[in-house]
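Same chain, two partners: subunit A is paired with subunit B first, then with subunit C.
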Partner chain A sequence: MSALGGPKQTGGVQPPTAMGLVISIVLIVVALALAFFLVQMAGLLALVGIIIGGVLVAFGVHFVPVGGAPAAMGQAPGIATGVAMLAAGAGLAGLFGGAWAAPFGLPVALAGGAVGGGLLMAITCTMVNVIYVFGMGIPAASGKVAKDPITGDTFPEYKSQGTEGHGLPFISWVGGVIGGALGGLGGTLIYLELLDVYQAQLPVLLNATVEQIAPVAVSLAGIFAVAMFLVNAVLAAYNITGTIEGPHDPKFKRFPRAVIAAAAASAVVGFFAIALLELVGVF
Partner chain B sequence: MEEIVFGIGITALAGALATVAGAAENTESDIGSQGDPNSQVQLAPQMGYIHRIFNKAVAGEPPAYGLWVALGAGLAWAFMAMQINPILAIVLGSALAVFVQGIYATTAYLGRTASLAKFGQPVYIDILKSMTTVTMAHAFVAIFTTVAMCHLMISALGHPFPLPLLGLVWGIALGAAGSATGNPFYGKERQYQSQKFGAGVPISASGNIVRYAEAGQRNSLDNGFFSAKLGGPASGICFGLIVFFELWRTVVFEELNIWGPIIVGVIVILIFAIIDRYIEVWARKAFGPYTAPEEASS
Partner chain C sequence: MSVKIEVGAGGIPHNQILIYGLVGSLVLIYLTYLNTITGTQYFSFFGGLAAVVALLWGTDTIKHLCSYGLGTGVPSAGMIALGSGVVAAVFGATTGIFTPIVTIIIAAIIGAVAGVLANNVVRMDIPVMIVSLIELAIVGAMTVLGLAAMACGTFEFLGMITGTAVILGFAVPSYEFSVIGGSIIAVIFMLGAIAIQHSFNACLGPGEKQDRTLMLAAECGFLSMIPVAIISFAFIGLLPALVALLVSIIGWIYTYVQYIALSKRDAYAWLDAKPILEPKGGA
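== the complex of A and B ==
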C-alpha cells in the first residue's frame, strides 16, 4: 500500500483483468458490427486497419525512453519530456512523411511513415546525448539494468550518487527509434484507411469528383489520424505511469494491457471516424 | 533537374527556419519555465526556497506549441484565403497567436504562483510585466518560422495537408524536439548550477534551486541568457536536422525510385546510431566512472 492507499505499485507485469478483457472484446465486436452495418465491408476492413494502427501506436509508445521531470535534472535516464508528447511528436512526423508518400501505394506510404518517425527519434535521442555529454559532462547510465543488452556496457559504476541513472544508454536509443517507427507506421495506417473511406463516401455525398473533395478528405483523415494517435499514446502513457527506460525496463512487460485497451479505444473512436459522414446524414 | 535544385533550395530554407524555430522555442520555454524542470520551480517554495522564477507550465511544450502554431497557421491560412499576401498573412497569423500565448503565460503564472501562497511564495507583478513580453517575443519568432516553414512545404513542395493541420503536426514535433533537447540543460545545468558538474542532481537536493544571481536575485531572464548559449542552439539543430532530413530524403531521392526516400532514411538513422554510440563511448572514456565528491554537495 502506498501512503495514499490503493493497490501496490509494481514495476513488473500487470496483466489485464478478465473483466477488462471481456468488455474490450465486446466493444470491439460491437464497433465492427456497426461499421459493417453502416459502411458495409469497406467500413469493416477500414476499422480493422485502424485497430491495427492504434495497437501499433500504443505498443510503440512503450519503446520510447521517457524520463520526464527527473531526467531534466539528470536524476533518471531517458528523454526529459512526457511519454505521450514525445511519441506524438515522432508519430506525427511519421504521418507527415506517410501522407506525402500516399499516392505511391500502401507499402511505400507505410514504410515512409515508419522511417519518418524513426528519423525524428534518432536525431532527438542523439541530440539528448550530445547535451548530456558535451553540455553537462554526464555519461549515460541505466538505473534498471546493470548491463546494456546490446553493447554490454556496464552502468553501476557510472551512475551518480543519489540518482536512478541518467542520459540515454544505447538500448534506450534503439528503443526510441523502434518506438518512433511503430508510431509513424500506426499513425500512417490510420490515416490511409480513413482517407480511403472518405474518398469513397464524399463524392457521393457532395455530388462532386474525387479531385474536388480531395482537400476535405485529406483534412478530415489527417485530423482524425492525429486525434486517434493521441488517444492511443495517452492510453499507453497511463499504462506506463510516469517514466520508462525502453524495452529493457521491467515496465515494458505491461504492454499487453495497453494493447488491449488501445484496440478497444481505436475500435470505438475509429467507428465514429469512419461512420462520421453516415451519422451526419442520419441526423 | 531544375525541379530537384529548386526542391533542395526550399529544403535548405525550411531547415534553416526550423533551426531558428527550435532555438527560439527552447529559449522561450526556459524563460517562461515551461518544460519539465519547472517541477523544481513549483517544488522550491514548498521546500522553503522562495524565488523569482517565471512559472507557466500548465501544459507541456508539445501541446502548447501545437496550439500556438496551429492557431498561427490557421489564421494565416484564413488571411491568405482573403487574398492577403502570404508573408503578411503569416506575420498577422503569428502575431495573433502570440497574443493567445501571452494570455496563456499571464494566467498560468498567476494561477500557478497563487497556488503556492500557503508556502509564502508571492506573485511578483514586476516579473509578470518584464518576462511575459520577452516570452511573447521569442514565441513570435518560433511560431512565425514554423508557420513559414509549413507554408513552404505546401506551396513549394506540394504536401497534401492543409496549413492548419501541418501547423499542428510540426508544432507538436517542435515542442517535442525542443523540450527533449533543451530541458536537461536548463534543469540540471542552470537550476542546479551549484551542484557538482558532471553528475546528476541527487534526489535529496530536489527543490533547492539556485535563486541568486551575480547581483541580486536570479530571475528567468538570466535563465534565458544562459540557456541561449547551448540548450537553445542544440534544440534548434535538433529540429533543423529533423525537418531537413525529412524533406531532403523525399525531395532528392523520390525522383530516382519511390523506395529511395525510405532507403536513404534508414541509412541516415544508421549514421545517427554510429554518431550516438561514438559519443556514448567517448563520454565513458573521457569522464570515467563516477567518483563521490569529498564533501557532500547537497
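== the complex of A and C ==
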C-alpha cells in the first residue's frame, strides 16, 4: 500500500486477458517480421536480443526490494524509493559498465553490465541498512515471511506492531543484487544489439568511416537503451503496484505478466529503434 | 476499483487543454522551420516554447492518470512518457519536413501499445490508462523534439547528428560536435523527464488547484529551457542563442513569481521569513 493509495490488492493474481495475450503475440510477430523485412537477418537477430534484454529487465525489477514512502517512515521493508528510480539507477550503472566493456566482446560486456548493476544495488542495499540500523534504530524484519529463507533468522519477534516489517533482511539484499545484475545485463544487451545495427548502417548512409560515426552510434544506442529500460521498468512497476520485499514476497509470483508485457513493448519500441535509419534521406 | 487520491475540481476541462497542447506544440515546433526557410537561426527558441506547452498538457494528463492511484508514485508516469517519447522523436526526426506529424503518430502507437499492455496484460484496469499513455508518449516526444530543435536550430535528423568543429582554424564538419553525437540528447531526456514529473508530484494533495499546478509545470519547462539555451551556444550563432537564453530566463522569472503568488493565495497562512541580522557590536 503506497502512501498515495494504490489499486486494490487482490489476493490472487489476475491473469492477463485473452485479448491482451493475443495482442502481445501479434505485436511480437509483426515487429519481428517487419524487422526482417527492413534490415534482413541482422535486424531480426538484433530485435530478438532486444526482446530478451527487455524481458531480463522486467524480470529483474521484481527481485529489487522496493519500499516506497512507507519504507522511508520505517513502516515497510525495502529501499525507500519507487521502482522506476531504483530500476533506473541499477540499469544505468549496468549500462555504463557494459558500454565501457563493449570493445572486449559480447560476453565480457554483458558480464560488465551485470557486475555494474549488481554492484550498485549491493552498495545501495548495504547503505540503506546502515541508515536503518544505525540512523533510525530499527532492526531488519520482513512482514511477509516468518523466517529468512537463506539465513534462517526469525522475524516476528523483531517486527513492530502496526507495521508491515522494516529494514532490509538478508534475503532482500540478495534479491536486490540479483535484480540489479539482471537489469544491468538486460540493459547492456539492448545497447550492444542497437550499437551493432547502427555501426553497420551509419557508415553506408553517411559515407563515413566507422570511427567517424562512432559518437552518433554510441549516443543513439545509449539513449534508446535507457528509453527501453525505463519503459520496461515502469511496466514491471505497474505489475508490482507499489512495494515488494524481494523474491520471497508473494507478489513475486506476478512476474509472468510483466515478462509478457515487456516482451511485447520491447518488440514494438525496439522495432522503431532498429528501423530508425531506413527513412533518412527518403523525404 | 481504485482509491482516488485528491485532486482539485474545476479549472479548464482536460480535453480543452489536450487540444491546446497538441495544436500549440505542433505549431510552435513548425515555427522553428522558419530557420530553414529564412536561413537564420533566430527562431530556435520556439522549440523550447513547444516543449513548455507540451509539458503543461502532460502535467494535466499525469494529474488525470495519477488520480487513480498507480501505487508506483507519480514519477513513473513521467519516465514512461519520456522513454517512449525519445524513441518516437528521434525516429520522427528522420522524415524531414513531416517530422512533428510523424513523431506524434509514432508516439501515439508506442503509447497505445504500452497502455493496452498495462491494462490487459499487467491488469492495471484503469479506464483512462490507454488514452493517458498515448497522450504522455506524445508529450514526451514533443518535449524531446522541441528541446532538441532549440539546441541545434533544426528538427531534422541530419542536422542533429552533424556539427562543425574548428581544428587549427579550419571549420570541418564533424559528427562528434552535434546534439546526438555529443549525447546532448541524454541531457535533454533528463531535463524533460524532471520537468514533466515534478509539478504534479509537488502540488498533489488536498487543496490542489489546477492553475497553480500548471503554473509550476510552465516554470519547470522554462527552467529546463535555460540549460538547453546555454547548450545551444555551441551549435547555433551567438545572437540566436542569446535570444533563446533571454526568452527562457524572462519566462522562468515570470512563471516563478506567478507560482509563488498562487502558492500564497492557496496557503492558509505564510511567514515572510527575513534573515536574522547580526546585532551591532556582536552578540
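Points worth noting:
Assume the second predicted complex is superposed on the first by the 268 of 283 C-alpha atoms of A that agree within 3 Å, B and C clash if a C-alpha of one lies under 4 Å from a C-alpha of the other, contacts with A are read in each partner's own complex, and residues count from 1 in each chain.
Definition applied: a contact is a pair of C-beta atoms (placed from the backbone, for glycine too) under 8 Å apart; a residue touches a chain by one contact, two chains touch by 3 or more.
Bear in mind the structure is a predicted one, so any value in this text is a computation, not a measurement.
Overlap between subunit B and subunit C is detected when the two structures are superposed via subunit A. Within the superposed three-chain model, A:Gly242 lies in touch with subunit C and out of touch with subunit B [touch as defined at top]. In the overlay built on the shared chain, the residue A:Ala261 is in contact with subunit C alone; subunit B does not reach it. Shared-chain residue A:Pro16: touches subunit C; no touch with subunit B. In the overlay built on the shared chain, the residue A:Ala88 is in contact with subunit B and with subunit C.
In the superposed model, A:Pro149 makes contact with neither subunit B nor subunit C. Once chain A of one complex is fitted onto chain A of the other, the partner contacts of A:Ala72 are limited to subunit B, with no touch recorded for subunit C.
In the superposition on chain A, no contact is made by A:Pro250 with either subunit B or subunit C. When the shared chain is aligned, subunit B and subunit C each come close enough to touch A:Val226. Shared-chain residue A:Leu27: touches subunit C; no touch with subunit B. Residues 68-69, 82, 85, 88, 215, 218-219, 222-223, 226 of subunit A touch subunit B in one complex and subunit C in the other.
Those residues of subunit A lying in contact with subunit C across their complex are 1-2, 4-8, 14-17, 19-21, 23-24, 27, 68-69, 82-85, 88, 206, 208, 212-213, 215-216, 218-220, 222-224, 226-231, 233-235, 237-242, 257-258, 260-261, 264-265, 268-269, 272-273, 275-277, 279-280, 282-283.
The touching residues of subunit C, counted against subunit A in their complex, run 1-5, 66, 68-77, 79-80, 82-84, 86-88, 90-91, 94-98, 106, 109-110, 113-114, 116-126, 157-158, 161, 175-176, 178, 180-183, 185-186, 189, 204.
Interface of subunit A with subunit B (complex): residues 68-75, 79-82, 85-86, 88-90, 92-93, 95-97, 99-102, 104, 108, 111-112, 115-116, 118-120, 122-141, 151, 153, 157-170, 173-174, 177, 214-215, 218-219, 222-223, 226. Note for the complex: subunit B touches subunit A at residues 35-37, 39-40, 60-63, 159-162, 165-166, 168-170, 172-173, 175-177, 179-189, 191-192, 197-206, 230-231, 234-235, 237-238, 241-242, 245-246, 250, 258-259, 261-262, 265-266, 268-269, 272-273, 275-277, 279-280, 282-284, 287, 289-290, 292, 298.
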